[in-house]
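Going in written order, the chains are labelled A, B and C, and every chain counts its residues from 1.
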């Protein structure tokens, strides 16, 4: 059986028409990636590595220059698939201010459903349900600009889950938030994943990536690592050389191992680290 | 200062007028304007004033708020009054000096105009005070929808209005932030001549302009991701409903208009 | 000597309206010349309001602010000269760039100060070098640059004013790990070279812990503490209860301590944690 998202030898370039002759910058250089339904995938890569471009290829905002992207078997190059794909794959962006359309929270959550031509009573029902899911129901009549960053981002997520998508792409959803807001968003994302929604999370925070089931590292427009988080983060030196980082606990274990102690560098969570250190020190 | 700007201010409430259908309110406002300008006698105008005061009381909008909305147009009121005083030269003269001539007709018209303008502002601000911006744009979109047949982009215009309303607070906040940042770099925006002050705005306006483009670009992308493809096949969560209140309101309004017309004929 | 001093500094927003809020409540601090200070506190704790008092962007509702011994707001004509002593870099400073070239943008501040052309040139080039911008970038439009480069230009624009105190609000936010490390590194270097006072506002305790010698903690509009980094992290449990996110490594050590391990409780960087744990392991081996 084929995967939910299938990316085959994907190439993509941005063309700057303002220059003469037009300047072409190749951003994605042959990406191959399959994502199964229900997975939680974190995508890492430094700024300019092509990870946001890749995300936009998945919901047919960017179209492949060569190669192909299939979502649930639908080719993104076929124009008739455009809206069905965007219903299946929702996207949340970094700046919460720039993705809220309406002046009232519930109106904003309804936006996608109105575009899809859903019947009014059904919109009402799904909007309420989505707002309850992200814990923003009591704010449904508020003006979005008066909410905190984390709350705005949860409204944006509600606007996506109201579409009942199979997958949500999140492009650095926590980059502009404070630690509390980050926490709110991550809890929501994990809960959605537990409910069966496929999550593709682009992030710069290694502790967030450590919560995923799978980490994909992109560099120079290519997938250079694709594995479970503990295997990825145990390559401390490689990660640092890529301009990325590893969770602090992993770095500590790696340092201790280098000093000659018997400790695994596949420790990526606080709990396992505490347990291991306790054994060593007690 | 900049935060005091009140555009399309909505004052939430639960009065009869708040509950009325926004479409009816827009039509009523139009009828009201006709009523004001149709009234050509003292009695007719009194009916107009009575209508304004009555609706104002029913709306339960605080008087202070209304005075605030009148404040910026005081110069306009005075200006029209003076124009009428000076340029209407027919009728009995009260006062004459060189080319100046103030007549009884001039005074009458000036007073009439002042009252009309005040009623006009109070009446139309009631519309924005009692109707949420969303309902208002929605109602405009629906009222204008027949124009779609002659290729007027009604939906797009309404969408633009909604987005403008949504981004006004964001842009005001941004302006404040950019101003502080440039002040911290020693920009002087308070002193100097008018030209110097205008020049001092460049460091604020350019970043604001760039920011607006960024907002527009990202918002358009986010809208596209949420299946936006124009007005075709779009539904709305909130349906506008006509109710018994709207019927009474319309009758109430039409009766007043009829009153003004009858008075015009009789007097 | 204290370069920044506040006495009973209080700031109230929206006085006389239902939205009245005391944003800064009776704050007394003295920050000494040449210090590198981290300012932390959750959103709405008053830290942004506090720093805007340091260069006279906000006027205290009551209490006073002294910069370099001079009281702000006594003489309004002195406000601008005093303001030039305190450079303030806002969050996402790249959004305030407006000139045609990076050079002109960096020169905007010094020009406003009324500095002579040739002197400005020196300051601009010096600031550009400090933030690691190559000379050819100076002639480019700031809008052509990448996000990280734009931010450097914006920071250079404030550094070029040669302030005695440089305040940066979340200078690394939104950057990738390498970008964060680079920006914080150049700020650290700037501090070491210029020996002037730097205040670094950040949500990220990891960033603060690695870079500063003293920390000022704001909580619910009040000054919670202002002390050496080690001593502040000594109180990490209180910081957690305030809703602040302490570094992961500090959480690990605190938990070990709670489990009965006799370990120092002022650990806040991986390097330090490694040293502490290795020492303990050595001792255990020798026993």
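Everything that follows uses one rule, which is that a residue touches a chain if its C-beta (ideal position, glycine included) is under 8 Å from a C-beta of that chain, and two chains touch if they have at least 3 such contacts.
In this text, all values refer to a predicted model and were calculated from it rather than measured experimentally.
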Selected pair, greater C-beta contact count between B-C and A-B: A-B
Chain whose mean Cα position lies farthest from chain C: B
Centre distance in Å when chain A and chain C are each reduced to the mean of their C-alpha atoms: 30
Separation of mean Cα positions, chain C and chain B [Å, integer]: 45
List of chain B residues in touch with chain A within their complex: 132-134, 162-163, 165-166, 169-170, 173, 214-215, 218-219, 221-229, 233-239
Interfacial residue positions of chain A with respect to chain B in the complex: 59, 61, 83, 86-87, 90-91, 93, 95, 97-104, 106-107, 110-120, 123-124, 127, 143-145, 159-160, 163
Partner chain A, residues of chain C touching it in the complex: 42-43, 146-148, 173-179, 203-204, 206, 243-245, 247-249, 251-252, 255-256, 259-261, 263, 270, 273-274, 277-278, 280-281, 284
Residue ranges of chain C touching chain B (in the complex, touch as defined): 52, 55, 57, 80, 83-84, 87-88, 90, 93, 95-98, 108-109, 112-113, 143, 157-158, 161
Interface residues, chain B side, partner chain C - complex: 174, 177-178, 180-188, 202-203, 206-207, 210-211
